[in-house]
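There are two complexes below, and they share subunit A, which is joined by subunit B in the first and by subunit C in the second.
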Partner chain A sequence: MSIKFEQVSHTYSKNTPFQYIALKDVDLAIEKGSFTAIIGHTGSGKSTLIQHINGLILPTSGIVTVNDFVVDANNLPKVLRPLRQMAGLVFQFPEYQLFEDSVEKDIIFGPKNFGVDEETAKQKAKEALAMVKMDESYLEKSPFDLSGGQKRRIAIAGILVMEPDILVLDEPTAGLDPQGAKEMMELFKALNDQGKTVIIVTHDMNQVLNYCDHAVVMNKGEIIKTGTVEEIFKDPEYLETLSIDLPIMTHFIHELNKNGFHIDPSIKDLDTLIKAIGGK
Partner chain B sequence: MTKSIEIKNLFFEYDENLNTIDDVSFDVENGSYTVILGHNGSGKSTIAKLIIGLLEAKSGKIVVDGIELNDENVYKVRERVGIVFQNPDNQFIGATVRDDIAFGLENRCVPQTEMDGIINKYAKKVDMIDFLDHEPTKLSGGQKQRVAIAGILAMSPDIIILDEATSMLDPKGRREINALVKELNEETNMTVISISHDIEEAVNADRVVVLNNGKVVKDGTPEDILTDEALMYSLELDVPFAYKVSKKLAENGIEVGKNLKEKELIEKLCLLNLNK
Partner chain C sequence: MGNMTLGKYLPFDSFIHRLDPRMKIVSLLFLLISVFFDAGFIGYGIIGLFVCLVVVLSKIKITYILKSLKPMIFMMSFLMILNVFMIQKGTVLFSIGPLAIYSGGLIQTAYILIRLVLIVALTTVLTATTKPLDLTLGLEHLFNPLRKIGFPAHEVSMMISIALRFIPTLLEETERIMKAQASRGVDFKEGSLKDKVKAIVSLIVPLFISAFQRAEDLANAMESRGYNPDGKRTKYKVLKWRMSDTLSLLTTVVMCVGIIVMSVI
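After this line comes the complex of A and B, so read on.
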């Protein structure tokens, strides 16, 4: 077991007029090495949930366990250092976090803060850059001269350089063009294949179908369903009530089946679908 | 039909000798719904910023509602155009959602007595009525985008430019917002320019302009453009799912025509006697 939430609640701006309960009594277990999607309507608590995984925010009540590390309401920031190395968090629009004047400096900022010497950090920066499929010529460039997609890769390299076991990604493909999004998802899949636990917040159900193995459904600060991706997409009417779409392929199959077809709704690729419809 | 926007021989460069916008010309009809497609870095957002005078063109002409954009007229142009940026954090002003939506109205000297009604109306339309007293900065990404859109719609602009303004919404939320914009487009004749990668949104537009490397590479109806697979893939864009299925079916001996919309495809399939 990699990550465990036990009765975790989180309230923003507690005891102020802005008080807002974002998570309510959440129980969740995420297996080591899995590729898990967190899905749900905007404002359902997805980002709040995942920000607990590296202790960026602490539970108002309850306990989060990551590997052997326990996070509760009383943790001091200093104590959280090993957790932050274990679990790397990539925010929405991570390119807005870039700040150094060269790509290399930006990537080595994290490891240097964790006490890694400059030479080792630079070596690791090269490896991290290779992981996000960018060549070393970018090291000396200013991150601000790069395109949006490239900036995002650099920001992600800045997390990968910490060699986290767990990679937590909050809508990592928002705003990318379809090709950029696909490359990004393939990168995460490759990291997952290397043994990293990957947790992704996404609204793109096609990504969930094509890349993830498990899904967690959230609604109004609560987890209302967990299971394999196939289990989650089995019940379109239920998902509809939660404002969650089906992947475009699954949706299409359900629509055909409503009109008298009998096609296996777990089909993932177009060729199989065409055969099922009746093509030669 | 009159033109909402006329763009003629527009050039713009961020760096010397590298034209981000490279001789772009196109017109937008009054009351039309235009989608500008292109991959990241194609110059889409730059054009939006040029239209409202946030950036200054190197050469060329932009005319908005008959007013030529220049130093003198820039505020007149901005009165007519509402723009919603991709990252809503870049345009929040108010301490609460209510204040934020009110900001634009205050600037336009809308009387206090009318303001509350307008704020409630648009907050309801974007499904944020329960959040009027919340701090915009503490909302989720998708909720922020809803508020940003409400703030612009409340001002009833003649022209709205949406720069990937629904990128953080879930697909259903995105469809709802797109439907709301389409409704206002049809009911109030608001001209819509939507900058997007969303092929499924482009299916429902009146017109699609495709940008690549700062040039208009194709301009036409959704049917013309979205079925041009070679073009779409060369621009790293996708083609609509229904079209992919239709084409693949044809290759496998089932003729259903070139469908862009899923509903039409399903209707046609139902008429054929297949493996039901």
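After this line comes the complex of A and C, so read on.
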């Protein structure tokens, strides 16, 4: 078991008039090597949940276990630093974290903080840059001269370069063009195939269907459903009560079945669907 | 960062909340002036009681006011130590080597501390009971007479309201960037001076970039909606001066004038 939440609650601004309960008694287990989607409304506690994984937020009560690390209410920031390297967290719109005057310096910022020497870090930076499909000519450029999509790639490379076992992504494709979003998701899938545990917060159900194997549904600070992607999308009426859409393909199959077809709703790819309908 | 109490509006419904912002600003001005007049402990006692009354009426918990004093503790203790030893008035109470504590010094120090506490408490009550937008609306009204001598009343109040509006946004942004950099191994709390400088740079640069970006976006949005500072505009919210405002202002002013007279005599 890679990540485990036990009775985790988190309250913001506790004991002030602005007190806000963001997580309520969350129990969750995420398997090593899985690709898990976290879905739910804005404000349902997704971001709070994922920030527990690398110890940026400590639980108000309960325990989070990440590999050998135990995160609870009494942790000191110092103890949690190695966890930050092991569980890489990419925030929403990560391009805002860039600050160095060259792409290379910005990418090696993370590894250097974790004590990697400059030469090794630079070598790793090249590899990370290649992973996000950018060539080495960008190394010397200023990150502020790049386009929004390129900045996003650099920022993600800045996390990948730390070689985390667990990759946590908060809406990594928000605001990217469809082609860029697809490339990004394929990168994460490739990393997942190499054995990394990937956790992604997304509002795009098509991404969930195409790339993820597990899904966690959150609502008002609680986890209301977990399971494989097929299990989650099995019950469209229930999802509708949470205003969560179905992926286009699953929706299409459900519409067909309503009109007399009998097609397996867990079909994920176009070829299988065409065959199931009776095409070639 | 989320625990900052200074200057936050508390959405309660109380007598103080309902008062006109103009009244509150003018009263604060009078109170601040009278705090600086030396009317002895009796004078400060009266102002202190008055502040307590206002806090009770505003339904703000006293712990909240105390919390807002927290950031001042360092400055206060620094001032206290400095004043106790530096002021050489009155009789010597006791001395340790070259350092001597005088009775006058103790009294002066107490005055300074009381003043600071009163000032912070008063301003906290104002910002906690008045919506930032009402506050600027009040300021604009109060600045208006100055327009005749060419003072840009509307522009100034627009700038103040924009600045106030973006304080929480920038705090949020700061927290977000700090977290993002902490994810890359930055330690904002510990480390050598060099590490700390680096940590601060990794926060300041993105913060400035996004602040400038925001400013530009806001300017564009305002211009595309035809903003013109010289334009004659009507107000969605019109301030209403009520009997309770007149009475409250009168009470405050009478008390302040009393204190000032007391100190002069």
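By definition in this document, the second predicted complex is superposed on the first by the 276 of 280 C-alpha atoms of A that agree within 3 Å, B and C clash if a C-alpha of one lies under 4 Å from a C-alpha of the other, contacts with A are read in each partner's own complex, and residues count from 1 in each chain.
One rule holds for everything that comes next: a residue touches a chain if its C-beta (ideal position, glycine included) is under 8 Å from a C-beta of that chain, and two chains touch if they have at least 3 such contacts.
Just so you know, these numbers come straight off a predicted model, no measurement behind them.
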Combined model on subunit A: subunit C and subunit B, fit or clash: clash
First (subunit B), second (subunit C), both or neither touched by A:Met162: second
Subunit B versus subunit C as contact partner of A:Asp177, first or second or both or neither: first
Superposed model, subunit A: greater residue contact from subunit B or subunit C: B
Partner chain(s) touched by A:Pro94 [first = subunit B, second = subunit C, both, neither]: second
Partner chain in contact with A:Ser13 - subunit B first, subunit C second, else both or neither: both
Touching partner for A:Arg81 - first (subunit B), second (subunit C), both, neither: second
Residues of subunit A contacting subunit B in one complex and subunit C in the other: 12-13, 17-18, 96
Contact footprint of subunit A on subunit C as seen in their complex: 2-3, 5, 8, 10, 64, 173, 176-177, 179-187, 189-190, 201-202, 205-206, 209-210
Residues on subunit A engaged by subunit B in the complex (per definition of touch): 12-13, 17-18, 20, 40-43, 46-47, 92-93, 96, 147-149, 171, 174-180, 203-205, 243-245, 248-249, 252, 255-256, 259-262, 270-271, 273-280
Residues of subunit A defined as touching subunit C within the complex: 12-13, 16-18, 51, 54, 56, 77-78, 81, 84-85, 88-91, 94, 96-99, 109-110, 113-114, 144, 158-159, 162
Touching residues on subunit B, where the partner in the complex is subunit A: 38-41, 86-87, 133-135, 138-143, 146, 164, 167-173, 197, 199, 236-238, 241-242, 244-245, 248-249, 251-254, 262, 266, 269-270, 272, 274-276
